[in-house]
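This is the structure, below, for whatever I ask next.
Order of writing sets the labels: A, B and C. Residues in every chain begin at 1.
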């Protein structure tokens, strides 16, 4: 069952129940602040702890110890006074801290004194030829199915790309008895050298030993092809084959399921639609919000925590959630805030949690050819717009993603640029010899998730309307 | 494309896809149930009619759009299955006002 | 460094771009100055209505002049601007409204205008089959239609540049002054000088006029629009209501645009607007009642463009009442898009010939300030 928010006003509204949101809401409630946690999914956990309260995967070691950390976070939150609503889609947030949320097909408006946006990350677009074919999915998609429904790949399966999640997913699929025929590793050889100076911090981070063990586990069972420099999916209305080039040699393999992954990037839509300033991050190759050390954004009252604040991983997300919530408590209820763990301790935790991140970002920086497509390769999945269409628009005067709207509908479909925005920015930057920062991003608009006309028509009338009726 | 793990002990839920009954597990999303069914559940896009299946399974790509109990353009990856649920695979632009 | 040009046009909306283009056609070399990019504000994000229907009488001649250009828009700008002409229909929802429609059409006919035509319920149903069957009729303007505003404004800008206009985007016109018989304007670290200055700066035009000693009662507004996902084709003409705020248009790609003039809060200095969802809900309710087929369509996006609205809802159009060489072209009050092509042509005539055959006398700034020229 889902219920509408109990009140119209809250001290703190947290959006997203991943690691950052769970920690932020629990901390805020612990400080005695009226706290509402809104989350779009069926249960809490976000992506990393997806289905933590309901997974049918009973054998704990199959998902790994890092996953089950999420259960403690959920337990702490449930023990608090925070109001939690699942399957609640926030479709508007503005600089007046007015939030529109759709729950069970009806929309409600709530107002907050502080908003903590914890909308996390999404997988970076991987625009290769054929990536819209049925049978091509993200690695995260397969992991979601594995965690929430114990579903594993069954047909001829290829995993392509790079990054820690890719190896974790492969290990989990194998542990649950799923099938992986080949792993195509797209990590650029040059990245190993670039990352080397950063290796010390990584070696002392908790990721190192775990990562190494996982890669060993996977390599023992699956053929791993390193140095993949080209990748394409093909088939007639359904994936049939994956072709790739590695070490200058081209090969094609019959494939039923191709899982793509080249890292995650902040899910910026809600924050950008609220007017939060973002900057291009040259290392992580994505937009990140401009934040102070407490996570406060350029919009007064809106803080951002978790991977939506810049990719830092689950451990960092938890700490960032606590920091943002503590900062909110300091502003709204200073006496109660004093009982929370001190800010200095939290900052120390964050430094620890972020150790090794730059090494990972450098090592797994995705290659240009997998970020910036050419020719007929689809860039905008929703409106089915190819790279060459965008370059044609640039040739006749489109200077940025918004100017592009005079020529093409890129980014105007239902996903609102989530799956093409970064590609369009980088493609236009490359074509025009500008930086992504100079090129900019789509101006995002509410509703950040579509709502039906009937649902909008059913929202409570404004005061002006009510008065008009009273006047007759 | 996908198979279920034997350790999955969740109770079954019967849903209907274009009128045909399929068995899902309680807690599945509509998209997961469709993919697990082994049936051809490709939708076709409103723009060119190209076939698609869910891509991200986390609510961001909108390639899982499906009609659920008469309401169109729902994100199947965000909606849990329920007993007796009627699913229609969307072909092209979704009819309104039927 | 100062560059001498024939005219300085401030504002890269449809009006500034159209005027720059028509000045080029008349053999002049203008500079067009736009603080953001052409079409960034209302001109690029309005409903795209190409409408003679339901206009204030003083601007009808300009609208008719513009319509002639719209009908050959490709010849002018080498781009069809996605202009479609399926008419615009004003729907009366009851007999009282229909009576008002009848009176309006009679008034126009008496003035010699024949573009508006009274229709009964049968003709309304033929033009707009999806309309609720309680509506008794309305008015149609059959040559009207709609275009893609961003595409149109961009096309005018591009063509102006091709014909020799200098287009400066991304920097505001500052330090506007008159000396030695020329208008001077700074743009970043450059300056332009010309005998002619056109103030077509939209929501920012009022402060330019005021700074030049011609304040006008004008406010900044941001009318909201929303658009649905693609639905199968069900309506051709643009529909507006007689009694309620609604405009309604389905594009070729299937999306449906819902507007009508409910306002967002503009934050002009930040180029930002904050939408008022409770008002948009009112629009949604109107559509819900009038077009039952739309009830489960999905709203994909909503937005608002910043523009200027005058006290009397008429544009400020024509020569300054105070300064030689200064021309105003702003304050189009939520209905300037269709006027853009014609207004640019007329403005070029005013500048080049010193007059025009198109009747614009009631639109001048001298309605606020008696001429001192």
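One rule holds for everything that comes next: contacts are C-beta pairs under 8 Å (C-beta built on N, C-alpha and C of every residue); 3 or more make two chains touch, one makes a residue touch a chain.
To keep track of the chains, here are their UniProt names: A = FAD-dependent oxidoreductase; B = (2Fe-2S)-binding protein; C = FAD-binding oxidoreductase.
Nothing here was measured: the structure is a model prediction, and the numbers come from that model.
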Most remote chain, CA-based centroid, reference being subunit A (FAD-dependent oxidoreductase): C
Chain whose Cα mean lies nearest the overall Cα mean: A
Intercentroid distance (Cα basis), subunit C (FAD-binding oxidoreductase) paired with subunit B ((2Fe-2S)-binding protein), Å: 44
CA centroid of subunit A (FAD-dependent oxidoreductase) to CA centroid of subunit C (FAD-binding oxidoreductase), Å: 40
Centre-of-Cα separation between subunit B ((2Fe-2S)-binding protein) and subunit A (FAD-dependent oxidoreductase), whole angstrom: 22
Shared interface positions of subunit A (FAD-dependent oxidoreductase), touching two or more other chains: 413-414, 450, 452
Where subunit C (FAD-binding oxidoreductase) touches two or more other chains at once, by residue number: 229, 253, 294-298
Multi-partner residues of subunit B ((2Fe-2S)-binding protein) (at least 2 other chains): 47, 71, 73
Residue numbers on subunit C (FAD-binding oxidoreductase) that touch subunit A (FAD-dependent oxidoreductase), as the complex places them: 37, 39-40, 44, 148, 150-151, 153-155, 157-158, 169, 228-229, 253, 270, 272, 274-282, 284-285, 287-288, 294-303
Partner subunit B ((2Fe-2S)-binding protein), residues of subunit C (FAD-binding oxidoreductase) touching it in the complex: 130, 229-232, 234, 253-254, 292-298
Complex interface listing, subunit B ((2Fe-2S)-binding protein) residues touching subunit C (FAD-binding oxidoreductase): 46-47, 70-73, 93-97
Parts of subunit A (FAD-dependent oxidoreductase) lying in touch with subunit B ((2Fe-2S)-binding protein), wherever the complex brings them together: 40-42, 47, 51, 54, 56-59, 87, 89, 105, 122-123, 132-138, 140-142, 144-145, 148-155, 176-178, 237-238, 256-257, 267, 381-384, 413-415, 418-419, 449-450, 452
Interface residues, subunit B ((2Fe-2S)-binding protein) side, partner subunit A (FAD-dependent oxidoreductase) - complex: 1-10, 25, 27-29, 32, 35-36, 42, 45, 47-48, 50-63, 65, 71, 73, 77-78, 80
